[in-house]
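Both complexes shown next keep chain A, but they swap its partner, so chain B is in the first and chain C is in the second.
Up next is the complex of A and B:
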């Protein structure tokens, strides 16, 4: 056992000295989680106020009801004079989009011929256009209400104006309450922190078992085997190296993103169990792939391929489950998907019992790949 | 001639190693296939939990299903719906709570609860849901007004309103600021092909820096220098070789996505200019990293970190237009942001070469600075 620890200590020193372990296990996942969190979460907060131009060609009472429609929305309305000015300001980016109230709008809402309301947007600013579009839609629906009510009542124009005031004053019949931002479990910061943690742990644990091939290339394996060291100590030392690097990587990432970036990982005990299971699965998978390779270069290439493919299928970069069908099933075969789904259930406030299934699956993957690796590993520890 | 020989050596060494074929060609194509399968259909899915059995709730569900670009799926419990949204099975969830019909019939405001994944499709889905809801809302509001004015029951007011319900007096139309009709949304997948191209080209050029270190470790560089060829020829050969590999990769991605998924790559001249300039930037950055580190173990992870972080900040993972304003300014530190802007002009705006001259100019400036630094470092590393 002592020799195993000595080998682990030697490996860790070696990896710390050339800083590669630090780069892969800590810096890479942290930098990516921060970058993805900053760019993606900023968007969901919806903090931006959109500047929407208003061109009024109607001058009737309908235009004065317009302000009701835009109230409380994410857009700030500004009068822009004529359409040419509005177009050029949208093109230059001064305005996010513009809405043109056509002549005859008031007449249309009082039973006249229907008119068309134009929303001028820049295709490159699709969100701004969408905001203007939704204001215009809600205004159209408001005019629609007035027109149905006045026709049902056979109202004249004076009565229609009274109805319009009633509609404006009435509370909306149906309200859609958006609760997306108040939900921890949908927080992209946490998702990407976890996704990057599990993605890079597959790279971090590679410094363990696969270094047996380095030792062989450098001739140090022969020397280890010549020494009075049982083979299982050499193997144990390598596994311990992977375990130490994997656990450190994920723990540092969980703690840093929790306290520095405000990610919500959920119950610490559950998170710890999931981390241990994920690291064990990662070690077994990489160990198995390593035993299939003949040379150090081959092992490195195959390990990168396997790690990247599993990460992509497992949802480390985008939600694969959305595709459904074969992809969703393939996704279920990756440790990444199980780790992430377990963590999502946990961070949405689930009881500890929610991690039982993902943990067991992760341990199952670890057991199967570990057993296969053990069968084949003899080949690696031969002079 | 000597330059060409060096270029050929670079290419042979790269493609003889089969894993490189995977990373340079197969993986990007696989990812495009994956993205195509995941986001290929342009309809967004919304999950509905209907806890009310009345006719108004049923009508709302029908309205939602009839919205263009919206597919609905029903769920039996709140837990199942939440899980489906979290995992991305559906992009958003709408809960129609018990008492929905009764609230509406008694003249109160009915609340629908909505939540969505914070992804780039979220605002679009929200607008589609709102539009279906407001269709029902405006009928109900009109009926309430009729009841207040004529003193009948809400039921008969609804009947009267339904009888006159016809075309809306206003039709909303989208126009592009530059003139003409507003282009149809191209779907998430169409948009992602160009951003994925940038991500992969840059990432593989950077991780390719490992190759340069091997060139030095194996003594290939020393042997080239011992032949009667100038350092300039060797530098040119190495840079040119890397550039050709990067361009080859871009070409494969463009052709593959075009043939299989008929992805539109816009004006050929404009797109070629952007790809040529951007891949030169990528090569410059890759060679620079290859000269800054002494071992493959350091260069490979550094290349991966810089490649992925730049892609994330530069709008190759989430679209730039969804960034907060300050973040969008910061994004333009990366060449990705400029290239993404350029693709936006070409693919969304339908512009030609003249619409991207500024972006391509900035990319060329990046390339010039990086290549100057890289060749200066390379000359030092190779000759000392």
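Up next is the complex of A and C:
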């Protein structure tokens, strides 16, 4: 073990001296995490309240739906008084869009001649226009329901008005629950901090195992093999180098993004467990791929390809799994996806038990790839 | 020892011994099996058959104790270019169990031996080729091994550095260290090695001291007498000397094939003068290992 530590210390000194490890393990992931987090935050930070105006030219009971702030209704919209004011405010940006309730709307809902419901929108504010359009669609559907009920009952005008009023006041029989997964989602800063950390750890750990090929190329492997040390010490030293670089990289990323960028990683113990598991998985995958290569150049090329593909499938750049289908299945085969999944559950305030499954999967990947690497590693430690 | 790589049998029954303080050279052309042989002796490769022992201890790829007795200097530079000479030496010394104050002291000693004291703190990548070679050898000396294995240490080295390396190896032999030296330079083998093994195509063709190897072939010294006068008569007179096996006249010179030229040279000169030749110059050419190798293998060392 002493000689393994000696080799690790030598490797780390080399890596620190040429600054390559520092660049790959810390600087690059930190810069990308900050850039991606800031960019995505610009799109999704917080929730935006859309201001939709209302032009009520009907003044009948049908408009009461808009004043109903209870469940099933959109809540009160700001009444602009007339269409001219509404258009002006939409154009100036004070309103995102406006809905015009035409004269005769209440009569139309009671079986009268059909009228047209207009939405005033700004082409530059397509989302606001879509929100208003969605409200108008819901409202039209609501009026249509009343109209059908009225006809079915052959009710007179007074009864129809009463039905409409009751319907507007009634609580809906079916309420769609909150289907948002917001509570399990990491905020962009945390997501990309974690995503970049697990993406770049696959590059950081390469400085350990794959440096066996460097040692062979540089002739120093022969010297190590001629020394009075067991061959497993050489291998152990390289694994320790990978472990040290991987853990340092992810820990520095977690701490820096936590305190400098405001990322919320969650329970430190859980995060530490996930980091260790992810690093072990990265070392094993990297070691296995390295054993398949014959030269340093070949190993570098293959490791880069594998790291990028796994990172993309695992959601390091965007949540590929949400595309569903084959991509979702493939994503589940990557350490990245399991690490991010565990972190999402952890950061939402879940107990430590939520990381058991992702941690076990990560350790499973580490065990399988590590075993395959061990079978093949003998050829790496030959002169 | 035997070692096969697929269809190629790189080492085919090589067998030799090296005594304490002896310098043994493995002389052969590229691809003769020298590096494979010493890789087995250094514990880098496992032999398919046979065994190597150092200080009586069996040497395998896993034998830690036996490896402690060996210093290995690979053919290619085997140093960490981004570490300093001191860091390189200190790291390898620790691998051989030399730590703490002993480490510092021994590293300083070796730096002195290889003449890199002043540049000890510079990264090895800033060194000249010769300095790197010296550091490469220095690493092999760190633990004062009983047997130092040098695999063609002067390949690609400038004449000045080459001479410095050869002098260092000579000194090591004088200090009682056994040296196993591979080369395809005949002059190095003749200069450094007490005994030489001639290896070709994985087989040890012959071994012995230089004299033994030469005498094994029955080769004779060549004596060139440059002069003027009656060269033909002088050549015939010299041919009658018992140790002279052949005499011929060349362009302004007489060439003789002589057994033990140094002993009969005065008699040859007297005979030539007596036959009316004024001798201007004498050159004696002894048979060398190149000729021995050519005779044994049918090809030159640099083929």
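As a convention for this text, the second predicted complex is superposed on the first by the 242 of 383 C-alpha atoms of A that agree within 3 Å, B and C clash if a C-alpha of one lies under 4 Å from a C-alpha of the other, contacts with A are read in each partner's own complex, and residues count from 1 in each chain.
As a working rule, a contact is a pair of C-beta atoms (placed from the backbone, for glycine too) under 8 Å apart; a residue touches a chain by one contact, two chains touch by 3 or more.
Bear in mind the structure is a predicted one, so any value in this text is a computation, not a measurement.
Peer 1: Which chain, chain B or chain C, is in touch with more residues of chain A?
Peer 2: Partner with more touched residues of chain A: B.
Peer 1: Touch check for A:18: first (chain B), second (chain C), both, or neither?
Peer 2: A:18 sits against chain B and chain C alike.
Peer 1: Which partner does A:6 contact after superposing on A: first (chain B), second (chain C), both, neither?
Peer 2: Once the two structures are laid over each other on A, A:6 reaches chain C alone.
Peer 1: Quick one: classify A:251 as touching chain B (first), chain C (second), both or neither.
Peer 2: Neither partner.
Peer 1: Is A:218 touching the first partner chain B, the second partner chain C, both, or neither of them?
Peer 2: After superposing on A, A:218 lies in contact with chain C but is clear of chain B.
Peer 1: Is A:144 touching the first partner chain B, the second partner chain C, both, or neither of them?
Peer 2: In the superposed model, A:144 contacts chain B only, not chain C.
Peer 1: Looking at the overlay, does A:229 come into contact with chain B only (first), chain C only (second), both, or neither?
Peer 2: Only chain C; A:229 stays clear of chain B.
Peer 1: Both chain B and chain C touch chain A; at which residues?
Peer 2: Of chain A, residues 18 contact chain B in one complex and chain C in the other.
Peer 1: Could you list, by residue number, the parts of chain A that touch chain C in their complex?
Peer 2: 3, 6, 10, 13-14, 17-18, 218-220, 222-231, 383
Peer 1: Which bits of chain A are touching chain B when the two form their complex?
Peer 2: Touch list, chain A to chain B: 18-20, 23-24, 27-28, 31-32, 35-36, 38-45, 47-48, 87-88, 90-91, 98, 105, 108-109, 111-112, 114-127, 129-131, 133-134, 136-149, 151-153, 163, 166-167, 170-181, 183, 185-186, 188, 203, 297, 301-302, 304-305, 308-309, 312-313, 315, 317-327, 341, 344-345, 348.
Peer 1: Can you list the chain C residues touching chain A in their complex?
Peer 2: 39, 42-45, 61-62, 64-65, 67-68, 70, 72, 74, 76-83, 87, 91-92, 94-97, 123, 139
Peer 1: In the complex formed with chain A, which residues of chain B make contact?
Peer 2: Residue list for chain B touching chain A: 17, 19, 22-23, 27, 30-31, 34-35, 37-39, 45, 82-83, 85-89, 91, 94, 104, 109-120, 122-124, 126-127, 129-131, 133-146, 148-150, 157, 160-161, 163-165, 167-179, 182-183, 185, 295, 297-298, 301-302, 304-305, 308-309, 312-313, 315, 317-318, 321-325, 327, 331, 344-345, 348-349.
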